[in-house]
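Below is one structure. I have some questions about it.
Chain lettering (A, B and C) follows the sequence in which the chains are written, and residue indices restart at 1 in each chain.
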């Protein structure tokens, strides 16, 4: 990705950006990891390939980058969705970000594995070319057609009885260790003090028993409804391998079905839960 | 041993300006209703985060009622409009997890609707009583407890 | 030390008898967290040629959440009730040296100024059946932290896979000897030469850094700007601490069971969490991720060694494999080693 390295060098050299948040090679050739380039020499390490699955927008809401000059960011379409959503929610200022848009041909679901099948987010992606950027790099290529097993599972869950659904989720949430990796890797979980950390009163128990786990996972899924941009980082980060995309993607589908809203698309879209319509549905209210 | 008939525990989150006042009117009018509900007064239904609902279920509620001002009448102008959207999303979420969202009730009750308050509450209590205790949450509440 | 031979078939029968005698046999499980209680001896697999599990087995010694006591509200007073004593026998089956050593390493801090009965009850009732390891990848670095694929220290009994159907069983500790006595019928006489030949063929991961040098450098360089770079992409997710066989920080919280009673819970905690060092005054001495990541490195390679003469790391590589942002602790230590050598 020589044009990326060159652009990175130029941007840092002429001071257009203070840092570039991008990807560098990981420990093995089939991995990539987030990397902060601060000098033109650092820019030599920037790469972009199918192993660049991380959503780098998670770093944009950090205190160290706010008000300290323009931040460059290497972004795929899904990452740009996160950036757009963050701008919609007034968490970052549009002019403080320099988006290096990357034409993307899909990222792997899991790093370091022999199985290089695509991530769930890539299967129905409509933003192989990002919808917002300052510079666009990379070439689009034909992508292999893959079965959307994730969607099939959501449909399977929808068809289950309440008891079956509960049994499914109970078995999954039992494994949760409350590491909060899902929250930390999520670009939309930017609250300085998460409700799970509030102790007076304690709304969400921090213990990793079933009750505490249900509480945490339900509330996080709710707080993301209509805001989750579907990057799947939560599921990838989870050490207990809980299928969180089944939950968050479903809520995204609900937001679209009920309100016609898709997170992270148009910059001037009003946010879903931050706004209302006088004609919103209320047939369930007596 | 005499079998005690099941009496449901209902938690009601009600907005201060409309429903709470409506409930007060029910009281001053000496309208009777069953004592199964515990009311929690909030300034506006817009204050209600679904975490209140999960907390109520965790604490042993068999049903939860949320009630506020009619759309357009909110004391803070738009609180109930925001709340309305949240409830759609939250009930879908509960259904997807397999939690019976029909134990969650919503209503608009104004300050002058004392009778309506009594009707709503009675309906909630009767419905939940017919459903029985909330087994799912009671089961997960049994971890890490002392055997009596 | 004494050495015996056990066939795969006999191993299965041995485990079967253990399960029948109500021992908690903990074996590797590829799904979920990685270790589980085995109920069917037929499903055991000694994974010596395979990647370590996602998370270590410390869950069984130091549960992710446990109650340390209960309280009951009485009219004018309250009553405290101790949590029930842990009396089960635990057998860890197929622990690679990087896992097997974890009990000894953690024991040091749990028996330092306070004897942690919750850990000790479980550790004292545990038997570790270790196995020589024939796996390594780019993330393994046991040889850099005073271990190797054939280290027996930490196991009570140690299996060396001789072929598809046979293991050498080395009896390492007195505890192990006593334990295996009633099951001697499953064992046959050992063949020391064969075992030695097999072990000689085991490939060790190459040494990536000198843990002593890393410790020395950290001592004089707490404010070094290297720490600004290495932790800069960490998102503070805590996966590393939770997957680690020797990380042991915990949080104490009180919860209600009902109106009349409650419990005090001991939960896993991680120094990578933002609020880990938040004081009640509102001051947070480690208020950014760089400082928190520095703490992780310093604790593992310096503070723990200063106190207990052990590196708080077994080189299993789980933290690096599972890190969502690809931070590799061996590479970090290697970089420190490089900088240390330049001085």
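Going forward, contacts are C-beta pairs under 8 Å (C-beta built on N, C-alpha and C of every residue); 3 or more make two chains touch, one makes a residue touch a chain.
Predicted, not measured: the structure shown is a model, and the values here were computed from it.
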A-B compared against B-C, more contacting pairs: A-B
Closest chain to the centre of mass proxy, which here is the mean CA position: A
Chain centre separation (chain A, chain C; CA means) in Å: 31
Centre distance in Å when chain A and chain B are each reduced to the mean of their C-alpha atoms: 34
Cα-centroid distance, chain B relative to chain C, in whole angstrom: 46
Residues of chain B engaged with two or more neighbouring chains: 141, 144
Shared interface positions of chain C, touching two or more other chains: 65, 265
Multi-partner residues of chain A (each touching 2 or more other chains): 209
Interfacial residue positions of chain C with respect to chain B in the complex: 65-67, 70, 72, 81, 257-258, 261, 263, 265
Chain A-touching residues of chain B, taken from the complex the two chains share: 49-52, 54-55, 58, 71-72, 78, 81-82, 84-100, 105-108, 120, 123, 136-137, 140-141, 143-144
Residues of chain C defined as touching chain A within the complex: 31-33, 54-55, 64-65, 137-139, 229, 232-233, 235-239, 241-243, 251, 253, 255, 265, 267-268, 270, 273, 275, 288, 320-322, 324-328, 331
Parts of chain A lying in touch with chain B, wherever the complex brings them together: 157-158, 160, 162-170, 195, 203-204, 209-211, 214-215, 218-219, 221-222, 225-226, 247, 250-251, 254-255, 258-259, 272-273, 276-278, 280-282, 284-286
Touching residues on chain A, where the partner in the complex is chain C: 26-28, 31-36, 54, 58-59, 63-64, 111-112, 175, 177-181, 183-185, 197, 202, 205-209, 212, 233, 236-237, 239-241
